[in-house]
Structures are given as structure tokens and as C-alpha cells.
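What follows is a set of structures for review.
In the two assemblies presented below, chain A is common to both, partnered first by chain B and then by chain C.
== the complex of A and B ==
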């Protein structure tokens, strides 16, 4: 399966819209989710790709969403990048480090975002038979 | 006889890009590089492949029982701790998570012994938490050289900060300068 999909999970509609515009500018297939439950629902429906995950969200925050993704067996085939305005993560990240590949601090530049997304999509397109 | 140089690198969040930057600066070297990145089995081979494309030395997942060879980069696979027997033979072990992670940087670094010949270098790069701090303290104790990434260049200044706070770190540098330091130390 060729991976070229991005999902932005953020309760702030302006952040979602910014990421959507940036992704569309380079023809990346973007899916938006306003919270953890919506993210899980996209994953249950078959989404696989790079997930940009906000940490501070009402109801289910980014860390709890990741725990749920792993608990439901939906992690494989995705790369998770935390997207946050916070300077440093809190203790809630303990135990999910292995599932968080990168961490981008808002505000971020379009070039930086595109470079990261394209690199991670490249990694997702490596097949398990193609060991280095 | 060739010197047997060993560089062990601990890294977590922000690791793939940081490793790409570091190894993109390094020519083939007379040292074995072992990277312990907090990673899952679903991702380890992808990261190895991505780094292999950026590095001048070949990158592969470490295999249980194999002997390290100079000029090669080994990535610890997800789901196991990696120890080095005699600073040279890979031992993959199951067991409890350490510092909430598996592989743990501390487990690998604390398995190292005083080098009989050649250099031993320990590096802690960007990442959440404090894994690697005790390992760095140990490497310093057995006569190795220790390096931590600086705050400005770290995606998350957790692990390098904890390492630096042990007082056992010789150099605090950004990735490009870590590469230059490695060339100086191993050249």
C-alpha cells in the first residue's frame, strides 16, 4: 500500500485549516479530526499515514489518544508526530515515547512541516521485506 | 592491529531527523556505531532504511549474537533491550521495561566495560524523559568520552539535560559539532 496520507488531530480549527492548506499545496492527502475520538474513528475506518497530534485537547488529550490507538491495535502503519504549543512534555508521556517519532512546536513554518511529512511518508513506504 | 572503537548513541523523540543530520556529516569511520532509539518493532526497519539512505556507512538492525564491525551502524530493534558482551557481541534480551521503554539506553550503556584498546564514546541526543543519564555516568566511570546534545538544537531537551545534570558529560554540542568531535576523537 502506498502511504501518502496525513491526519491533523487538533481541537483548534485554525490549526487544522493551516495544516490542510499546507498539505494541499503539495498534493498531500489530508484528513482532519477535531479530537481523539474522531482520530480513532478514522483509524478504525482504515486510515494509515502520518498523524499530527495536538497534546492539549478537551476530553481526550493527545497522550490518551495514543494509548487508545495502541490499545486498539491501530498503531501499525502510522507515524505519530506531536504538534504542540508547549515547550516541554509532561509526565503523561511516560510509556508512549516509543510511539512518538517527532515533536513539532507551534507555530511551525510550512517548509519545515512539508520536509518532515515527506520524510516520514518515505519511511512509511519502506516495506518490511526491505530491511536495510 | 586495528583499534576497536565503539560509539553508543541514545536518542528518542526527534531522533530520526537528528540522526540523519549527524550521520550525514560523518565519513566512513573506523568505529562501530550502536544506536538505541526508543522505537517499536513496527517502525525499527523503516528508520534503519531511512538512515541508511542518509549515512555514508551501512545501517542495519542489530541481530542477536552478531559481532560488531567497524564502519557499520547498528540500530537496536524495538521490543528488546540490547546489551553488548565484551563491548562487541550483541545480546538482545526480553524483560521489564526500563525508564518506561524497551530498548533502553541505560541498559545498553551499562553493559559496557572499560575498553581494552580503542575508544569508547557515549552520546545522548534529543528525547523525552531521562533514559541514558545513568548510562552516561557509567561510560564516564569506565573511561569513555561522553557527549550530550545542546538545548537549542534538541527537539526535546529531556534526555540530554538529564545526562548533562549527572556532571559526567565531557561535551555539550549540536549534531554537526558532535560529528566534528567524533572525527577529531576517532580520526
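== the complex of A and C ==
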């Protein structure tokens, strides 16, 4: 089975909406999460796909969320792409970097986003196909 | 002095009859004596002075007499006197015998007995050292004369002996007294020496204390109980410019003059003041035990100086107050340095706050930019009205500018971070440049520009790969913008000892004279670039920061407007700089 699912995890409503609009314009299945907890509950409910994860979020940031995903055994079957400003060093990434497939720099245009998502989906289907 | 009573008599005569006569006269008891004793027994009357009885030894020759004398001396029973016959054949005559007797016992009293003169008296005197020890008895003897002689001379012997003993006692007393005096004198001498030593010690101790005060590094002065200056050390001479001679022995607050130009109470005069009075005079004054310390700003030698000072009372051994001591320290420089440091700290704090703010701002801008970036192109795709499209295009370009500005500003701040210590690694120069040329390929192609990388592929520099990439990105982007249409951008490197000078040259706009120094300033835009919406005026500032981070120099050369620009900078060669 092919996964076409995308999840955007960002505390900013407009960023979530923008990603949602762009994905819907090319019929990509998009789920929105306003924070780490929401992301985790989607995963608990069976979401598998490409997760676009903002780093700086209140309460539970991107790194904490990844730690929790891995800790709860929810990582397999997903690809995580971090949304970041550019190049800020972060001590909190230590130990969870290996679960991050790529970084995407904010801001991004619609074409760039669609192109990247399609690439990650391909990647995800190849790896899960290989696992399967 | 009964122990010195001596009635022993030695008779030396060759005629035995003479011995008999003498014995009758001197030893045997007379009838008169017996009568006397009976009288005492019957009537209890005071006895008449009886003729004293003597103990007499006989010798018949001079040699025998001498032997008896010696024996008597050995037994410690010396003779008081001797009767010596003048002629005693066959042995020594009287004079010789007397000579020898006296040689053995000089105290012996002697009576020389003679019937006629073998020697004249003068001759006898000539032969003997007579003194008062010799009497002459002419034969035939009178019994009374003999008895009197015996009595007188034994008494004389006793007197002499007593006198001798007395003298010995006196001498002994004198000797002992002398000894005592000597000992006392010695003790006195020792005492004097000790006192002198102690005095010297005191003088030395005083001297030492005076020296210590004199050479104390802190400016210090001492006053006595009347407030008269009794010490003014070198450091305070130096601090105030007032020599000892002008101030020692001066009273009436003279010590305030060098500091305040007027006679007034200063710290040393306030030792007994209550805290409230003290606070009025010196704010922040402190009292620790009996010591006061405070700071004051004074005008000294026409200069405002900050002086820290402490004062304490002085007491003598009995605990009585005898004056006071005050030390002063010029802390003007210290205060100035503290002032400067706190200013710098404030600046540093401000600058790191600004830095944090810039980073946060740059980061936070990304979030609202994201929907604009993401959605504007989608909106434009759905429009067919050219006027609306033009409006959206303007919006989109503005968004691009904001994005460019925030990215570059954030980059510049990050590169200027003190915490970002450069960890240099060897970087192959030519391939780093090649990589960046590829990154800018689209830009070059759009304007038909040829880019020539003429760097020797063997050159390896020391630096941060990431920062050097950013450096060339910025330089090449600039060149791509400002090179002539269909022009050429050339990059080459010249080796120097330990370093390399890199040049990036375009053949485009060029610079006005005087601009070459300014183009590295933040937000500077040359006239031609002023209306270029795609630039932020931060590119060369970033380049300068990167070169400075690498401890190099960067500068621009241009022959003038329209004659192209060359940006040149130096980098350190890696240890094995050339492969």
C-alpha cells in the first residue's frame, strides 16, 4: 500500500493552513497538528507518512516530539523532515538527529514544497516497500 | 686572745750552771707566790699580780737550739723568746745562732747574753737585721732583770702576735669587703652593659618602626595627642607634593591643606564622632572597631582625585590615647578603570542583547514569511488579470526582499558572534570556488557572463569551509550582478610567504574614488545598486566579517566608474599550503 499522507506540525496557524492549501492543490492527503501532543495522538491513531516538523514550538518542541515518537515506538513507517530557520545550532538535537531525514528551510515556495514532498513520499514508499 | 698567750722560752748556753740559774728564776715557784695564793684563799682578797711562770727549754749549742725551735714550730708551739749566749765553743757563736733562729722564726724575741765582748755592739748590729727583736743582757745577771726581760719580751711577742692576728682579721675583712665590692662592681658593670644594650635595642626598634612607616607604600601620616604632625612618609610626600619639612611639627589641621587647600577636620579628627555626624561628612564611611575608612574626592595639584583613606587612634602601652594615624590611597585610576569596565560591560550586555534580539527577529520573521512565500505564487497562478498579477508580483518581490534581508542580517550576526570560534581546517581553495561558481551558474547564465577560475588547484588554505563558501557565494553573486552584460568574472590567487591573496574581478560598474573603503560597511549600496531590489547591502559586510574571522585583510580596487571592480583579500595557507 502506498502512503500518500503528509502531516504538518507547526504552532503557527497560517503556516499550517498554507501547507494544507498547497497539498490539497495537488491532492496530497494532509493532516495538521498544532503541537507535539497532537502529532503524537495522530500517530497513536495510526498515521504513517511524511511529517513536516517545526522545531521551535511552545511546551514541546520538535526535538522533544521526536524523542517521544521514538520512545513510544511510533517512528517506523514515517519520514521526519525538520522545518527550520537557517543554520541555528541546537544542542537539543543531539541524539535524535539520526531520526531526521532532511531539513527544509523556511520560508519555502509552493513548487519547492510540492517537489520535496513528492520526493520524500517516493523515498518513504521505497523504504517501506523494502521493509515489506 | 688567750690562745696567743705564749710563755715558752728557749735558753741556749753552753754553761749548765746558767741553765740552773735561769730555771730557778723563770720556772720554779717563789715563796712569794705561795704566800699570795694563801692570802687569796683566806681573805678572798684580789690577788697581787704574781710574777708569771715560764715554760723553759734548754739547749747547749746553737745547732741544738735551732733544732728545738724547728720542732716547736712543727708542733705549732712556737717559742716567744730565746736567751742566747754569745760564746758557745765549739759550735756557732751567739750571732750566728740568732741569724739561723730568725731565719726559721722571724717573730722570735731574742736576748743575747754576754760577759765580755767578742764583738762590739756595733759589730753585732752590723751582722744582724736587728729591728726591735734583740736585747742585750750583760753577765753577771741580775735575777730581777732576767725575769723582767722574760716578762716584757713574752708580752711583746704576744702583742705582736695579737697585732698580727688582728691585722690578718682586718686584712681578711678588707679582702672580703674588696671581693664583695668587686662582685658588686661587676654586677653593676653588667647592669650598665645590659641597660645600654636595652637602650640601643629601644633606639633600634624605634628606628625600625620609623623606617617601616617611612617606606610604607601607602601614603601615611601620624599626629600626636595635640594634633601635631609627627610623621609624614615618602608615599604621602609623593602623593601630595608636600615635603616633610613643610608639615612636620605643624598643628592646627595643617595636614588637611594638601588635600582641601584649607585647615579643616578630616578623617583622623573624627575618630570619636558618632555615626550620624560621620555620615554627614563622608557618605559611605565605615567603622570597624576603632578604625574609620572612607572615600573622598579632592582637588590635588589642580586635579580631581579619588582618595580612599583609613584612620585609627594610637595608644601607648598604658592604653592612653597618644595620637592617631591615617593612611591614604589614590584610587582615581582604579575608579576610572571600574567606570570604564562597567561601561564596557554595559555595552557588551547591550550588544549581546541586540545580537540575541536580531537572531530571534530573523528567526521569527521566517514563520510569517512562510505563508506569503507559499501562497503568493499559488494565487498568481489562478489570476488572469494582468493588473492584479502586477500587484501580486510587487508583493512577492517585497516578500523576497524581506526574506533576503532577514537571512543576510541573521548570517552577519551569526558570523559576528563572539561564541563562534573559528575551527580552521585545510580547505582546497580552487574546488571551494568551483563549487560556488556552480551555485551561481543560473545568475551568470542569465547575464551571459563568463566566469574564469584561475586558481592553482594545489593551493590549500586554512579556514572554515562553511564560511569560505559563504564568502565566495557573496562575492560571486555580487560579481554576477555588477559585471558587464556578457562580461567576464575572473578569480585568481597569488602566493605570499604563508598566505595567499585572492582576487575576484569583474569588468562592470566599478567604484567612484573614495567608495572603495565604504563598500564593506553594513547596508552600504553603491549608486547603481541602490535601486536593485534583490540586494540588501549586507553581502560585502558579511565578506569582511568572514575575512576578519580568518585574521585576513579585505579591500577593493577600481579604476573608476565603468572600469570594473576587484575585491581582494588574504587568507592563511594551510601547513602544507601547496600540494
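As a working rule, the second predicted complex is superposed on the first by the 123 of 132 C-alpha atoms of A that agree within 3 Å, B and C clash if a C-alpha of one lies under 4 Å from a C-alpha of the other, contacts with A are read in each partner's own complex, and residues count from 1 in each chain.
As a convention for this text, contacts are C-beta pairs under 8 Å (C-beta built on N, C-alpha and C of every residue); 3 or more make two chains touch, one makes a residue touch a chain.
All figures in this text were calculated on a predicted structure; none of them were measured in a lab.
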Contacts of A:60 with chain B and chain C, given as first, second, both or neither: neither
Touching partner for A:21 - first (chain B), second (chain C), both, neither: second
Which of chain B and chain C A:97 touches, first, second, both or neither: first
Chain B versus chain C as contact partner of A:111, first or second or both or neither: second
Dominant contact partner of chain A by residue count, chain C or chain B: B
Which superposed partner A:79 touches (first chain B, second chain C, both, neither): first
Partner chain(s) touched by A:119 [first = chain B, second = chain C, both, neither]: first
Where chain A meets both chain C and chain B, residue numbers: 88
Chain C residues within the chain A interface of the complex: 359, 362-363, 366-375, 377-378, 399, 403, 407, 410-411, 414
Contact footprint of chain B on chain A as seen in their complex: 75-77, 79, 82, 88-89, 93-95, 97-103, 116, 119-120, 122-124, 126, 128, 130-132
Residues of chain A defined as touching chain C within the complex: 12, 14-15, 17-19, 21-22, 25, 56, 85-88, 106-111, 113
Complex contacts: residues of chain B adjacent to chain A: 12-17, 20, 38-40, 42-43, 45-52, 58-61, 78, 97, 100-102, 127-129, 155-158
